[in-house]
Structures are given as structure tokens and as C-alpha cells.
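Presented below are the structures under discussion, each in the form of C-alpha cells.
Okay, so chain A shows up in both of these, paired with chain B first and chain C after.
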Partner chain A sequence: MLFTSYSFIGFISAVFILYYVLPKKCQWPLLLIASYIFYFIASPSYLIFIAATTVSTYLVSRKLENIKTEQDAYIKENKGKITRDEKKAYKAKMKGKQWKWLLVCLIFNLGILAVLKYTNFVIANINGILEAFHSTNELSFVNLILPMGISFYTFQTMGYIIDVYRGTCKAEKNLFKLALFVSFFPQLVQGPISRFHDLAQSLFEEHAFDTKVVSYGLYRILWGYFKKVVIADRILTAVNEIIQNPEVYQGGFVFVGMMFYAFELYADFTGGIDITIGIAQTMGITVTENFRRPYLSKNIKEYWKRWHITMGTWFTDYIFYPISVCKPMLKISKFSREKFGDGVGKRVPVYLSSFVVWFTTGIWHGASWNFIVWGLMNFVVIMISQELEPLYRKFHHRFQVKDKKWYGAFEIIRTILLMSAIRMFDCYRDVPLTFQMFGNMFTHFDITAFTAEAFLGLGLTAADYLLLFICLIIVVAVSLTEERKGSVRNLIYASPAVWKYLIFGVMILVVIVFGAYGIGYDQSQFIYNQF
Partner chain B sequence: MKAKKFPKWAAAVAVLAAALILILFFLQKLLMPKYMSDIVEGNLVEEYYQETTDHEVVFVGDCEVYENFSPIEMYRDYGITSYIRGSAQQLAWQSYYLLEDTLRYETPKVVVFNVLALKYNEPQSEAYNRMSIDGMKWSGSKIGAIRSSMTEKENMLDYIFPILRYHSRWSELSSEDFRYMFHKDKLFHNGYYMRVDVRPAEGFPEPEILADYTLGSNAMSYLDKMRRLCEDRGIAFVLVKSPSLYPYWYEEWDQQIADYAEKYGLDYFNYEKMADEIGIDYNTDTYDAGLHLNLSGAEKLSKYFGKYLTETYDLTDYREDPEYKQVYEEKIQFYEEMKEAQYEELEKYGEIISY
Partner chain C sequence: MEPLMEILKNLHPDVDFETCTTLVDDRIIDSFDIVTIISEINDEYDVVIPAEEIVPENFNSAQALYRLIQRLEDEDE
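Our next item is the complex of A and B:
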């Protein structure tokens, strides 16, 4: 069920009505039933995997909690009877027990994800190696299903179980509540990757109908649909035309495709998240924000703090930090410090952990070398930026440009161009072709790619371009307003009632009339659904 | 006791909803294709509802009825009142539901079905579906027509709210869309699409060899439904295959229809085989090289078929009925004026442009 399909709109409308019509105690069970129906409609076989993840995580989280309770009881019971060292040893023993259970849970769930998502990728690489050695043997690919949103819900449950292990979050006693946290349908397909302690309270508490909350949610949904169906699905035609025909569209067209894709991905992904957050909000549920106007970032580091925020913080909290402070890394750090001095010693654990983070970020996005290289390119650019930081500081100090508006604009444009260039790995079919097309953009640069005739050859009409241009202005204006004055929805809600309703009505009309949906358009899945 | 106050927000939502519905209604009217100067066939189905008098003969079928039979000619020659409920690539189930729809308004004495569409057993094209169905008034028949016609990509909601289907026309709106938002000019002659131009028949590719010549069970089930519908209402049901050189009507198909007609005691005429007897000359009587007849061909066929109808069924000669006479005088005048206009256009431009 696509977010942009009539059936989904009918589905959420029915859920919304039932949510407020049924007794309040039925609200979260209703959402659980709705989530499982949503997943069942996608494919009944998917349910096995999400159920396996939920039950295994539940059992292990309970076990971890029980071990902790047992430990606390023992310490309380033996207060004054055991020495400090005995207490420490006992705690370490119990932590070890917990660690084993945690490992079982992580291996089980990551195993499901790894087998389903990466088996054929591994086979393809083995075959590649065999071919390189002129072997005639070849492994056959296996036919595996990839359950919808598996990367998202697996990471979400992994985060939960690690939090329980760390003691930052209590294990949920009710299996069905945990099941809802894992399967909550608006965020199942493309995130955000929520933390239990962020989502649980509003997800499980009872909500009375609140016109303000519902209106905010509806505005957000409409804004999401505007970005998805009016912008992303419209520009998609031109993007596909360029990237699927690299032999035809070269030089300047590669640049056009790169920029169009940047616009498409932004509208698609942020639009989808707006719909997700908006749906949750209409039911009084607060889902973590995933974007903060990423295209206003002045450097790549800032960009990653504004784009797909929940993924970034997940990798930081559950991969970067644990690796940075793990024993082997501390040893490496010590060794580097002794051998190469403090500067290198300080950098090595950070860079190695970052490398792992960006490698896993890449492969999390998809089982292909394109994504791995995309991740590593981010790593390289971030590391270079970090190394060049003193140079930048000198430059800023020398020329006093840091506070100049034009320099800020330059930094924003530079970041957009840089991120768009790295994102070319999303577009072209393999890594060599991506590098080739990147080079081609400069070696075959031709101004004819920027003529009206060239643009009209990409499958969009002049009216489409005019509409996209207006949309771009609206998106930029809204982003700038939010950056300076905060939520636009607050401004709308504070305006006179006529304006409030007028804007709402206009948004509905714009989506219905200018949306690229229905016959003649191929309803497209959200780009992030595939992850 | 104090009356419970209606919440302010609810009143505002109600006003907003009403305003939105109104705007969407106007937008829908604006965005729907008007089919006035291009692909005029899109208006065939809708025009039926402007009729003020009943008809004793109703034709149902595809282009082979609305381009090959002239009801006006049949009235002129025999006083027969007839109407063609046909549209482009009208499939068997669409003919059934259009017939069912017609019977909500009148009960003719004879229903004539052109069998060519029986070669299609499944929904074919969204564009043709829309031309056959959009013009129907809402009823159970329209819902049935939609349900049976939808291709994989279609959705019932797109028919209920056509703006969802036609919203993308915002970029191609013309003055025609504004002019014909609420009213359309008459284009047809009791469902007949007039063409006076001539394009002699040319060669066609050899008929394809089919793996199976059996007419599809789905299509045949709708033929059966039409037959039963007529039987239940005491209406004579006649099967015809219009004269045409292409697309091919295979002998095997012809035999299946002949067997069906024989089984149920129906008349079936394959006019392809009787073209000479009717006087059809494919050098002068077709406007598209043998696919469809032009006015000359349609009038010849109508004269021939009208004779059969008059001789076989107890039809009234409405030429002397004052009410019908007045209505049909206007129709004949419109018919003649269009004929004249088309000839003028043909002389001026060498081709028909406006029809």
C-alpha cells in the first residue's frame, strides 16, 4: 500500500476515525491491529519476520531485565555481607550474562536482515572473484523476499535492546506494546528510526481529540504530499530519462540530472517523513523529527546533523561510540599515540570508527557497491574537511568572510553541490559508471544541455518546469522562514481563521490538481522504502 | 434548558468542506475533456440523454454501428425511430450496461447488436473505457460498466471523481474547456457519427493466424446477458456484423455467432458477406480506406437494414406523427446542414477538419 495510493488514504482515514470513536483504552491496540493489517496487505509472509524480531527482542529484553532485577536483589540482600570487589565481580558476571543474551538477540535479528538483504550481494561478489580467477564455477543466486522496512525496524529494535542492556531504557512488559513500537505503520516503511523512550509514551497513552493537534498533523500530511506528488514524482521523469540513458545524456546533462535528483530525493524523503510525522500527530503521537532543513547546511558535517537525523544518531550511539571506546580501539589508540604522537593517536580511533560507521551506513542503504562507495565518499569528504579545518579557520580569520551573507550562501551552495555529487552513486547502475559520468560532467560539458529544447526533451513540459520552479521557490521560502522564525505551522495557526482555512483548502487543491499521480503517471514508491 | 452549542471549529470545517467541494466540482467540470473539436466520439454516450422522444430500434456496439448506420436515413425512408448507443471500441460488457441504461428510459421493440466487439474478452484500453463510460449517467448500470471494464491500473474512485483522472490536464486547458464546461453542442445524429469524405479501400495485412478461434467466455456471457435482458422485456434481439474490410472477422467467429443465433432463434446478418447486395462500393463508400463507412455507405446500409426491420417487426411509421415529425424535421435539418458543411470543408481544405 503506497502512501500515495487511494487505498492508503482510505486506510488512514478509517484508522483515524476509529482512533477517536473507540474508547481511549482501545487506541494503541487499534494501532497495533492497523499496523499488522498494513503489513499483511504488503505481503502476508512479511509478518513472520517482523513477528520473529518482535518476539525475540521481547524475550531477550525481559531476560536482561530479569538479570538486572536478580542482580539488584542479590546486592540488596547481601548489603554489608560482601566486599566491594565481590560486588564488582558479581556485577561483571551478571553483565557478562546480559551481554551473551544481547549478542544472541543481535545476531539473530541482524542475521535475518543480513541473510535476506545481503546473500545475493555476497554471491555476486564471490562469483566476481571466481570469474577474476577464470574459474568456471558459479554460485546460483537465491530467491529471497525482502520484507518491507526490515532495515528500519531491525535497527529500531536493535537500538531498543541495546538501550535495555545499557539500562537507559526499561524493558517493556507488554509484548503487544513492544510489537506496536516495532511495527507502527506510518514509520514502518521509511522511518524515522525511533527510540523507545522517545516514542513509547505518546504511542501508548490515551489521546483526546484536539483540534490544534489534528490540524497540525493534517498540515504536515498535506505538505508531505505536496513535496512527494507535486515535486518528487513529477521531476522523477526527467531524472530517470537522464540516469537511465548515460550514453545519451552526458556532460551538462549529468549536472542537470545530479541537481534534479538532489531536488527529487529531498522532496521524496522529507515529504514521506512529513506524511509519517503528520499521520502520527493527528493521533497525538510524537515521532522524532528526521530533517532540519538539510539544504541550508554550510558544511557536510552540519548536513549530516540535519539530514536523516535519526539514522545519524543511531549510528553514532550504537556504532561510533561503542567502537571508539572498545578495548581493541583503545589499544590501537595507545599504540598510535606512542608511535606517531598525540595528534595521530587522537585521530586514529575517531577515523577508524567513522570508517566503520560510514561503511555500515552505506551497506545499510542497499546491498550494492554503489552504496558502500557512497558511504565511504562521505567518510572521505568529512575527514578531509576535518583535516582542513585549521586552514579554513585561518582563511576566515584572514578575510573576515564568515559573517558575510554572500559567503554563507556560497557555503550552502558548495555543500549542496558536494552532497549532490556524492549522491550520484544512488543514480548510476555501478561504481565505474558513476565515476565515469562524474568525470564526463567536466570533460564533455556542453552549454546546449541548458537550452529550453534540451530540457523539454527530458519528458517534462514547459508547464511542468514552471510548476517545479514555483514549487522550488515555495520550498526555499518555507525553509528560510522555518530557519528564522520557527515552525510555519505555528505561524499559520496564529493567523486569522480565514487564512488558516484558506491555506488548508489551497493545499488540498494544489495536491489534487498538480499532483503527478494516477493514470499517465507511474505511482512511484518512496525512494527510502527500498532500504 | 440551554441548547448545546455547535463547536466553532466544526462550523468552520463544514464551511471549508462545502467551499472545497464546490471548487472541486467546478475544477472537475473544467478539467474533464470536452471532445468537441478532437476525438468527438467521446461525446457519443452523453448525447443520448438529450433525446426527447423514444425509439423503437436501439443499436448497441462499437464504431461499426455509430459510423455505419444512419438513424436519420431510416426515419426518412421508413419512419423508423432509432438510436445508436455506441462508442469507440465499445466492449461487449459496455454494450450490455449501456443497453441496461437505455432500458431505464425507454423500451424499444428491437435491439441490434454489432458482434465485432465479441473478439475482445478482457478490458482493453483506459482511454476507450473513459469515452464509453464517462458520458453515462450515474446508475447501477454505470457502476457495472466500470467494474467490468477497468484495466489493471484503473480505479473506481477515478470514475466517481473524474478530477482524480483528469487533473493533469491543467497544463493543456484551452478556451474550449471553458466554453463547454456546462453545455455542449450537438455533434451526432441519433448516435450516428457523420463523415462525408471518401478514402478508397487499400490493401490490408493478411489475417493473423490465431492459436484459438473460440470467442471468449466473458464476452459471450455478456452477449447472453443482452439476449436475456431483451427476452425478459419482450424485445427482439438482432445480431449484425457491419460491412468492413478490417479488422478481420474470421469465418470461425462468424460460425460461432451463427450457431448462437440459431440456438436461440435470433436473426444474425453478416453484412460483410452481403456488401455487394447492399450496394457497398469500397472505393466510394468508406472514409478511412475500408475500416468504416462514410455517409454514402451508411445510408445504403441503413436503407437495406431499414427494409428488413420494417418487413420483420411491427414498427410504427412515425413520419406522420405530429410530435415525432416536428422533432425529426429538426434532426433532418441538422443532418443536412452538417452534410453541407462537411462538403464545403472538403472542397475548401481537401479534408474534413472540424468533425
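Our next item is the complex of A and C:
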């Protein structure tokens, strides 16, 4: 049941009506039932995996909480009877116990994800190595299912259990409430990756019907559908034509494909998240924002603070920091400082942890070398820009251009081009071909190839191009307005009633009339569904 | 407090760490800076700041960071 299907619209309409018609205490149980129905419709077999993750995490979180309660009771009971060292040793022992349980939970759940998602990738690599050594042996691929949204809900749930272990989040006592947190259907398939303390309160509390909140949610949903079905699904045709025929579309058309894909991915992913956040908002539930106008970033570090924010903060909090500040890493840093000087010593933890983070980010996106290289390219570019920072500082000290509008525009365009170039690894079938096409973009660039016939050959009509151009202007205008004045929905809501309804009506019409295939056409799922 | 101020000043000479209370919120220091600060604090104060303590409230100002160091030192004793 795709977000763009009639069945989904019927489904959320039914959930919405029941949500406000039934007694308020039934609201969150209704969402749990709806989420499991949503998942059941996708495939009944998926339920086993999400249930296994939920139950295992629940049991371990309760265990962690019990250990903490036992510890607090012991310390309270023995106050004044045990020495400071004894208390410290006891706390360390209990923390060790908690750590073992946490490890069990992480290995079990990340193990499920790893086996289902990466087994065939590992087999393909082993076969590749065997072939390189001229071996005739070959391992057979296994037929495994990959439950929808498994990468998202596994990460969300593992974030929760780590927070309980750290003591920054209380373990949920109600198994069914935890089950809803894991499976909440609007965000199940493509995130955001929420934190329990951010989502729980609004997810479980009772909500009265509030016209303003519901209107805001509906505007957001429509804006998401506009980006998905009018822009992303339309431009998808041209992107596929270019990247699936690299022998035909070379030089300048590689660049066209690269930029079209950047626009498609933006519209597709942010559109999907708008729909998710909008649906939740119509029911009074606040889901964490996942984007903050990423294409207005002036450098790659800023870009990653604005794009897929919840994934970035997840990797920072649960992988980057724990690796960077663990005792062995601090020792390595100290050793490097003594041996090679301050500069190297400072860089070692940051570089090693960043490498792990970007490798993991890459492989999280998909079991292929394309994604791993994509992740590592991000790592390389971030590290280079980090190293160049003193040079930038000197440049800005010498030339006072930092506050000039034209320089800001240059930085934004540079970042968009850089990120779009790295994203070519998402597009072409393998890593060597991606590098080849990147080079080809420069070596075979021929401006005379940009004819009207060539563009119409990409599967889009002149009207499509005109419409996409208008959409681009609208998206840029909305982004710039939000950057400067805050939410556009606030502006719409503050306008006279006639404008509010007119804009709402026009948005519905635009989605229905200009949707590439119209709502209900199930051809293209969201790009991030596959992750 | 002085060694901590020196660590911070070396990292961002242009920032007034005496008064600034929004180092993380205003993105004056980023995750790379935080790791460098933690590594240097470990050298200077022999205190390990665990990952769960890396929250904006502990890193938004030099004073907050110093309070964290003192708390961790107390727990260590």
C-alpha cells in the first residue's frame, strides 16, 4: 500500500475519522491496530520480524530498568554502610550486567537486519573473490525477504534501547505502547528515525480535534503529494532514460541526469516525509523534522545537518561519539599526539570515527558497493573541507566576501553540485561505470547535443519541462521564504479565509491534474522505501 | 577553569567563551570540535566524558563544561 495509492488515502481517511470519533482513550490503540494492519497488508510475514524486534527490545528494556531499580535500592539500603569504593565497584558491576543485556538486544536485532539485508551481498563478494582466484566453486544465493522499513524501525528501536541503557530515557512499561512507537505506520517505511522521548508524549496522549492543527497537517500532506507526484514521478522518466542508457546519454546529458536526479530525490524524499509528518499532525502527533532546506546549505557539513537530519543525528549519537570518546580511542589519540604531534593526535579520533560512520551510513542505504563508495566519498569530501578550513579562514580574512549575496549563492551552488556528483553512485549500475560516467561528463561534453529533440527523447514533453520549471521556481520560493520568514503555512493560515480555502483547493487540483500519473497510480514507490 | 579556557580558545580563537552560552545551539562548535575538546580534557584533567554526557546542556558554555568535568571528577574519586 503505497502512500500514493487510492487504498492508502482510503486507509488514512478511515483511521482519521475513527481517531476522532472513538473515545479518546482508544486513540493510540487504534493507531497500533492501524499500523499492524498497514504492515500486514504489505506482507503478513513481515509481522514476525517487527514483532520479534518489539518483544525482544521490550524484555531487555524492562531488564535494564530492573537492574537500575535493584541498584538504587541497594545503594539506598546500604547508605552509610558501604565505602565510596565499594559503592563504585557495585555500580560498575551493575553497569556490566546492563551492558551484557544491551549487547544481546543489539546483536539479536542488528543481526536480523544484517542477515536479511546483507547475506547475498556477502555471498556475491565471496563469489567474486573465488572467481578472481579461478576457483570453480560458487556459493548459491539465498532467498530472503526484506521486511519493509526494517532499516528504519531497527535503528529507531536500537536508539531507544541504548537511551534506556544510558539512563536518558525511561523504559516503557506497556508493551503495546512500545509496539506503536516501533511500528507507527506513517513513519514506518521511510522514517524519520524518531527518538522515544521526542515522539512518545504526543503519540500516546489524547487529542481533541483542533481545526488549526488538522489544517496544518492537511497542507503539509498536500505539499508532500505535490512534490512526490507532480515533480518526482514526472522527472523520474527522464532520469531513468539517462542512467539506464549510459552508452547513449553521455557528456552533457550525464550532467543533466545528475541534476535531474538531485531534483527527483529531493522531491521524492522530502515529499514523503511531508506526507508522514502531515498525517501525524492531523492527529495531533508531532514527528521530528527530517529536513531543513538542505539545498540552501553552503558546505557539505551544513548539508548533512539539514538533509535526513534524524539519520545524521542517529549516527552521530550512537556511533560517532561512542567510538570517538571510548577509552581505547582516547589512548590511540594520546599515543598519536606523543608520537606525531598535536595535529595528528587531534585528527585520529575524528578521522577513524568518521570513517566508520560513513562506511556504515553507506551500507545502511543498501547492500552494494555503490552505496559504500557513496558513503566513503562523503567522508573524503568532509575531511578535505575540514583540512581546508584554515585556508578558507585566511581567504575570508583577506577578501571580505563572506557576507556578499553573490558569494553565498556561489557556496550554495557549489554544495549542490558536489552533493549531486557524489549521488551519481546511487544511479549507475556499478562503481567503475559511475567513475567512468563522471569523467565522461567532462571529456564528452558537447553543447550542441542539447537539442530540443534530444530533451524530448528523454520521455518528457515540452509541457512537462515547462511544468517542472514552474515547480522548481515554486519550491525555491517556498524554501527561501521558510528560510527567511519561517513556516509558509503560518503565512497561509494568517491570510483571509478565502485565500486559505483557495490555496487549499488549488493544491488539491494541482496534485490531481498535474500528478505525473495521478494519485492512485502505483508505478513508483518512494526511493527511500527500499532502504 | 583556566586549562579548559585554553583548550577552547585554541580551537576557536574568535569566540568569547567567557560569555557565550549557546555554543552547540548556535552551531559555534560542531561534533568534530566536541571530540577534540573531550580528547584534550582527557589529557588535561584525566577525566573521560562518556558519550551519554554529550548533550547540548553540557557543551553550550565553558561553565557548563567545567561543571561536567567537576561532576565526573567527583564520581571518579
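As a working rule, the second predicted complex is superposed on the first by the 525 of 531 C-alpha atoms of A that agree within 3 Å, B and C clash if a C-alpha of one lies under 4 Å from a C-alpha of the other, contacts with A are read in each partner's own complex, and residues count from 1 in each chain.
The rule is short, and it goes like this: contacts are C-beta pairs under 8 Å (C-beta built on N, C-alpha and C of every residue); 3 or more make two chains touch, one makes a residue touch a chain.
None of these values were measured; they are calculated from a predicted model.
Q: Superposed on chain A, are chain B and chain C clashing or fitting side by side?
A: Aligned through their shared chain, the two binders fit side by side on chain A.
Q: Looking at A:A463 after the superposition, I want to know if it touches chain B, chain C, both of them or none. Which is it: first, second, both, neither?
A: After superposing on A, A:A463 lies in contact with chain B but is clear of chain C.
Q: Looking at A:A497 after the superposition, I want to know if it touches chain B, chain C, both of them or none. Which is it: first, second, both, neither?
A: Only chain B is touched by A:A497; chain C is not.
Q: Please work out whether A:G167 is in contact with chain B alone, chain C alone, both, or neither, and reply first, second, both or neither.
A: second
Q: Determine, under the contact definition given at the top, whether A:R62 touches first (chain B), second (chain C), both, or neither.
A: After superposing on A, A:R62 lies clear of both chain B and chain C.
Q: Report for A:G515: first if it touches chain B alone, second if chain C alone, otherwise both or neither.
A: A:G515: touches chain B, not chain C.
Q: If you stack the two complexes on chain A, which partner ends up touching A:K334: first (chain B), second (chain C), both, or neither?
A: Only chain C is touched by A:K334; chain B is not.
Q: Looking at A:Y321 after the superposition, I want to know if it touches chain B, chain C, both of them or none. Which is it: first, second, both, neither?
A: Only chain C; A:Y321 stays clear of chain B.
Q: Could you look at A:K97 and tell me whether it touches chain B, chain C, both or neither (first, second, both, neither)?
A: After superposing on A, A:K97 lies clear of both chain B and chain C.
Q: In whole Å, how close do chain B and chain C get at the C-alpha level once superposed?
A: Scanning every C-alpha pair, the shortest chain B to chain C distance is 39 Å.
Q: In their complex, what parts of chain C are in touch with chain A?
A: Listed in rising order, the residues of chain C that touch chain A are 27, 30-32, 34-36, 38-40, 42-43, 48-52, 54-55, 77.
Q: Taking the complex as given, what residues does chain B use to touch chain A?
A: Per the touch definition, chain B meets chain A at residues 9, 12, 15-16, 19-20, 23-24, 27, 31, 126, 153-155, 157-158, 163-165, 167-168, 170-171.
Q: Can you name the residues of chain A that touch chain C in the complex?
A: Against chain C, the touching part of chain A is residues 84, 166-168, 301, 305, 316-317, 320-322, 324-327, 330, 333-334, 337, 345-346, 349-350, 353, 386.
Q: Which stretch or stretches of chain A touch chain B in the complex?
A: Against chain B, chain A makes touches at 6, 211, 461, 463-464, 467, 497, 501, 504-505, 508-509, 512-521.
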